[in-house]
Amino acid sequence: MSQQEQRIISGASAINEAIRECMEQDPTTILIGEDIAGGAGLGGQHEGAMGGSFGVTKGLLEQFGPLRVRDTPISEAAIAGIGVGASAAGLRPIIDMMWSSFTPLAFDQIFNQAAKMRYMFGGQAKIPLVLRMAMGAGLGAAGQHSDTLYSVFTHIPGLKVVVPSSPNDAKGLLAASIKDNNPVLFFEHMGLYGMKDEVPEGSYTYPLGEARLVQEGSDITIVAISMMVTKALEAATVLAEDGIKAEIIDPRTLSPIDYDSMVASIKKTGRLLIVDESPPRCSIAADIAANLSEMAFGYLQAPTSRITCPHSPVPLSPPLESAYIPSVEQIVSTARGLCCA
Amino acid sequence: MSQQEQRIISGASAINEAIRECMEQDPTTILIGEDIAGGAGLGGQHEGAMGGSFGVTKGLLEQFGPLRVRDTPISEAAIAGIGVGASAAGLRPIIDMMWSSFTPLAFDQIFNQAAKMRYMFGGQAKIPLVLRMAMGAGLGAAGQHSDTLYSVFTHIPGLKVVVPSSPNDAKGLLAASIKDNNPVLFFEHMGLYGMKDEVPEGSYTYPLGEARLVQEGSDITIVAISMMVTKALEAATVLAEDGIKAEIIDPRTLSPIDYDSMVASIKKTGRLLIVDESPPRCSIAADIAANLSEMAFGYLQAPTSRITCPHSPVPLSPPLESAYIPSVEQIVSTARGLCCA
Amino acid sequence: MPTKAYLLEFYELMLKIRMFEERVTREFRKGDMPGFVHTYIGAEAVAAGICMQLDDHDYISSTHRGHGHCIAKGCSFRDMLAELYGKETGLCKGRGGSMHIADFDRGMLGANAIVGGGIALAAGGALAAQTRKSDRVAVSFFGDGACNQGILHETMNLASIWKLPLIFVCENNGWAESTPTEYSTSVSNIAERAHGYGFAGLTVDASDAEAVYEAANSAVQCARNGDGPTLIEAKIGRMVGHYLGDPEGYRPKELKVKARSKDPIPDLASKLIDSNALTEMGISNIKDRINTELDEAVSYAKDSPLPSGADVDIGVYSE
Amino acid sequence: MPTKAYLLEFYELMLKIRMFEERVTREFRKGDMPGFVHTYIGAEAVAAGICMQLDDHDYISSTHRGHGHCIAKGCSFRDMLAELYGKETGLCKGRGGSMHIADFDRGMLGANAIVGGGIALAAGGALAAQTRKSDRVAVSFFGDGACNQGILHETMNLASIWKLPLIFVCENNGWAESTPTEYSTSVSNIAERAHGYGFAGLTVDASDAEAVYEAANSAVQCARNGDGPTLIEAKIGRMVGHYLGDPEGYRPKELKVKARSKDPIPDLASKLIDSNALTEMGISNIKDRINTELDEAVSYAKDSPLPSGADVDIGVYSE
């Protein structure tokens, strides 16, 4: 491996690079959102611009100017709608929704407009739109900021849903999302921004709809989403001490989804555990469990098992928030249970 | 059975009765929505008032007056939000959202406010709110009017979700929803309004969270939702000719949901088919399949099977719309396949 | 002031819309047109007056009542009728129907069955134009009912601060389904709301074609010159029911009669006749031409193939 | 004109809020308070001026910056601090924290971490009051940032046509996070937008406690008399960062210094001293009293038990 390939950067930087490279390659790619420049409203391109609530888009205003990097008022519905209209008119907008929990304000524009336009208009519309957003619990942001919500968008025909679990994936998947000709919801877990990873310089893409085999194993298949991949890896280390070899699969994109890789894994392991940071009902965990139970029927030596959040909003208090998020301990003990069954 | 109990009325009338009776019993129960009185804005209580887009609330303005039956402007977000606030302040509002496809406009108020308030505020809030809405394909209302969307609301902790399949159920379940102290989303399939059924006079409730055994059988369990119950019954007649005895279960409420009745049925039949008029991903069909695969593992003689809509918006053209909605033929042939496997 | 030739074209365009809608009304009653249909009867001067100022590169977004906008933007009767009948040859291959009719080649970004749903889409078209530094403009049509949707206000604010080349056109026919605007809306002239957003709001009488022309002309100029948005409120008499088949029990008959008494089409015809720009004979020639086109289009639409049910899940995503 | 006694109470209430927030700022920096905290420093006259016109039966809805509203509505330091620390003894049993603090017993329907999320909730309180024919009123507090959210406009229209007993209070501190209001908002005085909704809009300077009193008094009277809504825009200097810990790189330092130069609390103190309603000694007595209460409340909160993780899924639904 060359020096260059071993470059270690944060998730925030990886995402920034993906956007920057795509904007350099294509002048129709633009960025819109609340505080994405930050302070830009005071006039032009000044040093102190915050680059979004989490600093992810820092420097893009300076490089691309205020026509292509637009701070907005707090008007989620109109921002999303303008993004849909601009993409119907040939731009490739990247909209920063700030937090996933705010997408409900724009839900009509996403659901009734962006998702349906191509089909409803008989193929006339092309909607190359990316909605980026932070998500997830663990920061004490509590009830109205910490939702994942990707299960809801996965339900909706016409949308694509991407949930990177590492900076390296984030860069390649975001570039692919920006180049995609469909509305893509891109979920950035708050834990991703500070995570360090080996990320190649220069532009690359990972195809939407291809899972990643995170770790090979033969005893149990663990399908883990977003930050749960890190927890699954930790759990696998503990399980290895017991002699249990866990295979970990990260779907990376939930819509489209690569069930085939998961089925192949189950055929090898005979056991399936799904770990997801969302409430359980009508969720991606249920979706995967239902489909794999059906597709791998007869290969499963134990019932599929799911570790999810409880059916409750996200609490503030630290002991409650910890109990809310699936833990390494839960993964270890559930996996042990399945393997001994 | 007495004369009175055999009264046959339509779904629309059954729903009207449930509302009227609850409003008679409790002066804090009010009705809010677009055109629910209809023409009321011209001044008071006039004969021609349309009673909502589907005539369901006809006569209620005349009986309860304009303070308790309020026509609104087209402002779904504010209407829902005012409903949430009014219920937090002690009223029991029933909001008419007209069509399920319009709830995305109010999604923030439903998701971030109504659903979370009780938990987030440590139990201080009580939100006795009902959001009624029409839904479903089959009328040629096409892309932006025909969605079911209940899977999305079932995902959300803090909400209850009700999907009556008959006028009799609709009346009892709506009364229960109105008396419930939580936000309830009440989905009225367009096919329900004209359906005729035996509906008792006077007030009665069916508990939320209890499935209905629609028809007993021993060979296969068919779980059918909303209008799919009617189709499942038709299919069962055809299957009976082949000697296949289908047991049909209507969950009636999706959140909370009565998995136990379904598990009990599978233990008897060994086979499960779920029929639902929604797209498949992260849907109630997936939810039920995942849970029952797990809970009835070992009892299933064949993989669970689901008949849903395709992963697409609802098309206008009649042959496409027919292909979109699960059909009796699909139920029959899938059930046959499962029973012969 | 518009030229006579311009007004003649204006008249013909209005007549095309009216006659299309009357024909649709008749055909719909036969029962073989699927879905819900809302006709544009009475509002013709608005679509015509605005769209005559635009070309194919300019964008419009429309409403559940979108046929008039389509015709004014240049869509053909054939493609439209085939769509209304749900045929594979329709503008949207029969997937959309009346409430979701669109023609992207003509910048018509779609009818919209969500009240207010199209407003931000047009603003997106305007944003694209501005980002590309082109002189295209965008128009968002919406009803008085949509005026109380939050997204209108969000979009007005955005259009104002960004000086988007956008024209907001409120078709105020006094009703939203069964709800009178005077009940639902806190101002009598919706155009007044524009002042809170820092741009001009004009109220015009849509039964007066020339007045619509003047307003449209100034708003489109303003947008094309980079001077930002305008809100035009066109007051329309609701001459027909909300949708085809609406029994209108909620509306006193007199109000409908009154609405019908002010009709922009005969009005403009009289003016054109008075100024010798048109004759009765000329009118009947135009009508014949339109009728022939309509006959042909109805046959074409009826004879066109329906989509195949097997394709139901095709076409959801782009490559 | 308010009486001296009234102004004295007003002063004390503002001071309570200020000192609470300063204490929270200090405690937060120690690192054991979870979550995100936005303090009300600089806006004290608004919460105090409005809420002194209300009683426990009146409703308010609040924002992400809700401590001031809580205190003005009568919440105790103890219950609030326990909530901020995520304790079982907190107002919301530690489930909500600063951004979701609520006290239904005092008609405080909750802070709201969704910008604009509380506006319609207050209207719902007003609707409940009107339906019950009580004389309760409701107040919706929101920032300038929330002014461009659609739901504000929908709610203003509804409040107007229904003449709801509602007061819209816009706390305009010139910024929404890093975005200056003059960039994001198409009018310089947000109160002007009220005119498009048919009710009065008043702009007041929130560094002038008496001006806030006058506006609050007339708006609350109007609502209580059944004369419908008012919009009060209070112009506030943003004396602190957006949230605790905000490095504020986006904002020129001078602007903060300027904001701090106009402070309603010392201003009102001087007036009260000038009119012999208060002495320096009196002030220091008040401060001592508040400090004692704060010390006690901080200890109480810190000593209170945390919730048990086992209860995480309890309390989602009512019986």
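Which chain is which? They are A, B, C and D, in the order written, and residues in each are numbered from 1.
In this text, contacts are C-beta pairs under 8 Å (C-beta built on N, C-alpha and C of every residue); 3 or more make two chains touch, one makes a residue touch a chain.
No experiment lies behind these values; they were computed from the predicted model shown.
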Farthest chain from chain B, going by mean C-alpha coordinates, please. D
For chain C and chain D, let me know how many angstrom lie between their CA-based centres, rounded off. 45
Per the C-alpha means, the centres of chain A and chain D lie apart by a whole-Å value of 36
Per the C-alpha centroid definition, the whole-Å distance linking chain A and chain B comes out as 32
Give, as an integer number of Å, the spacing between the C-alpha centres of chain D and chain B. 40
Give me the residue numbers in chain A that touch at least two other chains, ranges are fine. 72-73, 75, 77-78, 101-102, 105, 108, 112, 119-120, 142-144, 157-158, 310-313, 315
Could you tell me which residues belong to chain D and also touch two or more other chains? 94-96, 100, 112, 114, 117, 148-151, 154, 157-158, 161, 183-185, 315-316
Examine which chains touch each other and state the graph shape they make (line, ring, star, complete, other). complete
Can you tell me which positions in chain D touch chain C when the two form their complex? 148-154, 156-158, 160-161, 183-187, 192-193, 195-199
Inside the complex, what are the residues of chain B that reach chain D? 28, 30, 67-68, 70, 72-73, 75, 77-91, 93, 108-109, 112-113, 117-128, 157-158, 160, 181-182
Which stretch or stretches of chain D touch chain A in the complex? 34-36, 86-88, 94-97, 99-100, 112-117, 145-146, 148-150, 176-180, 182-185, 249-252, 306-313, 315-316
Residue ranges of chain A in contact with chain B within the complex: 101-102, 104-105, 107-108, 110-112, 115-116, 119-120, 142-144, 151-152, 154-158, 255, 257, 278-279, 281-287, 289-291, 293-295, 297-298, 300, 302-306, 310-313, 315
For the complex, give me every residue of chain A touching chain D. 34-35, 38-42, 47-50, 53, 71-78, 101-102, 105, 139-145, 310-313, 315-324
